[in-house]
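Right after this note come the structures.
Common to both upcoming complexes is chain A, partnered first by chain B, then by chain C.
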Partner chain A sequence: MNYIKFLILFFFASSSAFSISPDDILAAMDKNRDYNTVSYEGTMEIHIGGEVRSKTMKVIGVGTEKALVEFTNAQDKGTRYLKINKELWIYFPSEQDVVKISGHMLKEGMMGSDVSYEDALESDGLHKKYNASISGEELLDGHACYVLTLDAIVKDVPYYKRTMWVDKSLFIQWKEEMYAKSGALLKVSHVLEMQKIGSRHFPTKLEMVNMLRKDTKTVFTMADVAFDVKIDKSVFSLQSLQR
Partner chain B sequence: MKTLLLLAIRNIGRNKRRSLLAIVSVAISLTVIVFAQGFIAGFVQSFVKNATKNDAGHVRVATKKFEERSRFYPVTYNISGPDSIIASIKRDPEVSSNIALVTSRISFGVLLSNNGNNRSAIALAGDPGKEKNLLYLQKSIVPPGRYLEGKRDIIMGSTLAQSLHYGIGDTVRVMTSGSDYALHLKKFVVRGLFATGLNVFDDMMFQIGIDDARDLLAMGKASQQIIIMLSDYKKADKVAERIRTIISDTSISVTPWTKIGDTFTTVELVSKIYGWIYVVIALLGAFIISNIMMMVVMERRKEIGVLKSMGFKRREILIMFLMEGMALGFVGSMVGSALGAGLVVFFHVHGIDLTSYMSRISIPLDNVIYTSLNVTNLVYAISLGTILSALVSIAPARQAANMNAVDAMKSV
Partner chain C sequence: MKANATHPFFPSLSREGTQSRRMWGEFFLIFSACICLFSFTQIAYAQPKQDPGLILSGVSRNDLVGIQSIDNSKSIGRQMDFAGSNLLTLDMRSAISSQVKIDGSVDLWLFTGAYADAIRQTDSSSILPILQTTSAVVIADIRKLYASLYLPLADISVGRQIISFGQGMVFSPIDVFSTVNILDLSLRRSGSDVARVRVPFGDLSGIDAIAKSTSQKDGAAAAIKAYSHAGCFDFSGIGIYQGAQNEAITGVTFKGDLVAGVYGELVEHWHEGGDRFFVGMLGTDYSIENQWFFTAEYMFNERAQINQIPAQLSLLETSIPLTHHHYGFVNARYKINDIMNVSASAIADITAQSGIFTAQYFYNILQNANIILYVQYYPASMNGLLPQNVGTATYGLRIEVAF
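Right after this comes the complex of A and B.
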């Protein structure tokens, strides 16, 4: 009898080791991104063939709904992107004109990078658009990770299927693979560096590889990251974009 | 042989009505063939001219990566030093003596939008002065518009402009991915609308200056293509071969128009198909000679018997009747070719207006086709008519040759 009780206890104990649900994991990941405002200095290195193009920018954002990016490197100085919810506008300083990016243009890489405008516009929680399941656990670059598989439940998603390697203790997504409906692997992202800022674990260096383009990758670095800073919300307007 | 020929010619005159019928039949066929040859020659000339000058030229210099993906008009695989390549080409006497024009060009696809209307379009960017002798768009500008004169000028196909509600003086925003893969925007002012009569142009294309295109596409001083037009398009293969020896950069490809796209394959296919059609038409016209010669042989059985008894050999009888058939065919061919040539010359001057038909198709052809007379084609047509007439005369000539002399003399 004691032996049977032991077996029953052991069974339940084992189950509870995997009792974290996929939604719990996604919620924990979202918590790392839960801030009122954010600002940072970004550097984007676009590797194409043997060539590297470097772009620098200042970024401010309100939650995940609004963001303003202004490029500061010489070649693109003054170019600005304004994101408001799911809409994106670009200000071209040479033409003093603003264009809304929509339709097929959203799939283009930002400034020629492997990060598309569509990627940048993603704001809703993943749990709203995907059905998540834990497909296993893996050790990735020394980090113990849950392997999450996400299948789209709505049509309005850039990637039909996603596989994520999520740190079991920090709930940071160290690696992600993004797939098309056909099953073709479209992009792979890696977090190369992470910092603890306040109570948040925040990726500060990411690499994105577009699997549909040969010999290209984009490395995005964030410096001077600050959360919940005071931001004048009037800057998130078309009038302000063209100033 | 001379005697047999004289006999054959004399025999043609013995029944003038029948001989005239044979000659007229062959003449009609040859008139059709010569005119068709002239029309097809004009058609091919128009097709090659428009397909090459608007697209790849007679010879195109570009990077190998561009050639692999040329149908997508990529702007990311460019020639970094086009001016030095052009200078090298012009320095070579063998090449320069064949060149009519050489220029840099950039072509790219773009989606134009205006007030909710979207249209796919193709931009042609080149040296406006040189493109005057290539695209000739300045001749098709609808008044009060004008051709490109300065920076940010754009001229647009009239049908394309109409569908996007653009007029003279309007601002056009052209936004596209540049050579750095990033989105770029440049605004242009519509200076003119062109109506060439070529739907593939008027419905889809606009022209800007190459410096504006380089600025828009972040290309620096690079070019996507170097277009070379020759004084004789048939020398393209030879000139391309020579240019390959001049350019040392192994990433550069030199391609004659015969190897680009489907133009050459289409031309070859059209020529082959029409070659067979001419044979069929000539055969139909010459077939009446076979019937006539059969009748002649039956009527002249006694005469054949007499000739054989006089010592004419089987081979000589055969040749005599063959020559008769051939002579009818030759005269018919000459008459028909002369008539056909006259029609070709007339339509070479006045042209054949196909405007109403061309509105339904979008291939690079002029709306008015000018026929073209070619001596080689004329000689071919006359030879075809004559030889086929001889061929269809073989059967009746053999029948005459194989007759028994005694039986032939006894026949009524």
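Right after this comes the complex of A and C.
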């Protein structure tokens, strides 16, 4: 009898603790990230051993499908990336040349960073590619978080498994671990700063560590973030890339 | 100093250098017409990323090299010369408004040692010398200078521009306007004096039309390229007419993914009287574990013209005539980390069993500064890429600073 009571109590306690479903969490996260258009100025600090290299850029995007990035730091000035769905083109101003990036190159770090082209190109909602489950709750750096485990249900994913620490009230993903099919930990990302922009809570400073590389990390900062700004959509074209 | 060796640090001086002065008159006339046209087309069409104002930037590229001539036919067959090459590239970009932009890039070269000696021995009529002393030569090259007008239906650009129609990294048979300088460590292209109109049909498709200014040497030329994207492939169809050669060129290019990246150019040359020949290029690129990167290209030229290679190429030549049947290019790069890599490459004239072999170490030593250590070797060949009767090895240090 006591055993049955315990089970009933456990069931209610569990259902109370996880009264929100994993899909609800993903939907709430998507709501924070959901926008028609976005523009910001980004800074990418690439830490390699004791050395730091900085890249600055202007970014505009429409949804998660189209983005145009123009680098503004001296070494890469004028270099532009055009992302349309899962494909990427680079414009090199010194040669006035547009190069389509080959698929196998998309795992390479973008401009020498720990962020791969594939990370940048990820456009579909996570719920379409992963089966999510709540594996617990944890306090992470003072933030009460759901621990969400995502297992890939399609082949075409950069990471077969992901673990996310999602803020229980803001639905910001403070930390994420990304795993290979073998179970090896590939990357860890942390949100270092978050801002409330309009009605959204949006991460504006992130750190990405590639666990396969020794002593490197990339810190990405976004400034002047504006959502739903007016953007001429023709700029997301090969013609405009060369302007 | 002895300047017997032809050498890789050929400045990107266009062979149209002397024509450039003649072309300026036409250029400014057309440019003025564009400005007038603009004044009549005050169509507010937002292009948010074109910030008005002048943007100046550039790169300083300094090479110190030792050139070793290797003549195995002599008992004392080795001689070391030293040379320096300092290139200052100044880039200027001025967005007058969201519809009008002027873009320019000027190369200033300072050659010393064996390079300066070699330039003094070349026909200087095709270059723009600024200063010549016993120890140094300073020359200038306007690599790009053009004005663009962005209209709702088309982009119009007039002036010296780099026209990159093809997909090849080293071999690009369709690129007759701006050829790749395969002797340049950075594989740069030369500019071409053209008027260009680009009409988009969609995000990834459109038409690119070009008219080349007339010069006595090159004659008039015109080209049209239609490009699009399907599946995971970019492809284009191109038609070119070159007046001087009385030649029509048709071609298709493609680039996409088939496990590895694949790209190519298939080109047919048509001459008056039904004479025609084919030139094709196929290339592939692949990477392993984000550390090893490979590129390979093969070019076939149906018409071999072995005897057309000049006995001695000018030091200021920007393109080598690829007139043999078979050429190949391979490059392997190993990324030590994100600021350091080593690579080895070969550009081979397979028919003549000759080539250019390069090994280099790259280190991004500071935020905007790179150091490159390199070795280039050219075997002796009277019939290959570089007609010369002695082999040459070059040991170089390059320091690049961007600003």
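Simple rule for what comes next: the second predicted complex is superposed on the first by the 227 of 243 C-alpha atoms of A that agree within 3 Å, B and C clash if a C-alpha of one lies under 4 Å from a C-alpha of the other, contacts with A are read in each partner's own complex, and residues count from 1 in each chain.
By definition in this document, contacts are C-beta pairs under 8 Å (C-beta built on N, C-alpha and C of every residue); 3 or more make two chains touch, one makes a residue touch a chain.
Remember, predicted model here, so these are calculated numbers, not experimental data.
Chemist: Quick check on the superposition: with chain A as the shared anchor, is it clash or fit for chain B versus chain C?
Modeler: After superposition on chain A, which the two structures share, chain B runs into chain C.
Chemist: Which partner does A:105 reach: the first (chain B), the second (chain C), both, or neither?
Modeler: both
Chemist: What is the contact status of A:90 with respect to chain B (first) and chain C (second): first, second, both, or neither?
Modeler: A:90 sits against chain B, while chain C stays out of touch.
Chemist: Quick one: classify A:230 as touching chain B (first), chain C (second), both or neither.
Modeler: A:230: touches chain C, not chain B.
Chemist: Contact-wise, after the overlay, does A:48 reach chain B, chain C, both or neither (first, second, both, neither)?
Modeler: both
Chemist: Once the two complexes are aligned on chain A, which partner has more residues of chain A within touching range, chain B or chain C?
Modeler: C
Chemist: First (chain B), second (chain C), both or neither: which does A:206 touch?
Modeler: Neither partner.
Chemist: Taking the superposition as given, does A:115 touch the first partner, chain B, the second, chain C, both, or neither?
Modeler: neither
Chemist: Report for A:132: first if it touches chain B alone, second if chain C alone, otherwise both or neither.
Modeler: The answer is neither, since A:132 touches no partner chain.
Chemist: With chain A superposed, which of the segments 19-27, 181-189 or 271-279 in chain C collides sterically with chain B?
Modeler: 181-189
Chemist: Overlap the chain B and chain C contact sets on chain A and report the shared residues.
Modeler: 46, 48, 53, 94-95, 97, 104-105, 108-109, 112-113
Chemist: Considering only the defined contacts, which chain C positions touch chain A in the complex?
Modeler: That would be residues 45-50, 55, 57, 89, 91, 93, 101, 105, 144, 148, 150, 155, 161-164, 188-189, 198, 200, 202-206, 227, 232, 234, 255-257, 259-261, 285-287, 290, 337-339, 364, 367-368, 402-403 of chain C.
Chemist: Which residues of chain B touch chain A once you look at their complex with the stated criterion?
Modeler: Those in contact with chain A are residues 111, 173, 175, 177-178, 180-187.
Chemist: Applying the document's contact rule, which stretches of chain A touch chain B when the two form their complex?
Modeler: 46, 48, 53, 90, 92, 94-95, 97, 99, 101, 104-105, 108-113
Chemist: So in the complex, which bits of chain A are touching chain C?
Modeler: Those in contact with chain C are residues 39, 46, 48, 51, 53-54, 58, 60, 68, 70, 73-75, 77-78, 84, 87, 93-98, 100, 102-105, 107-109, 112-113, 116, 213, 216, 230-232, 234-240, 242-243.
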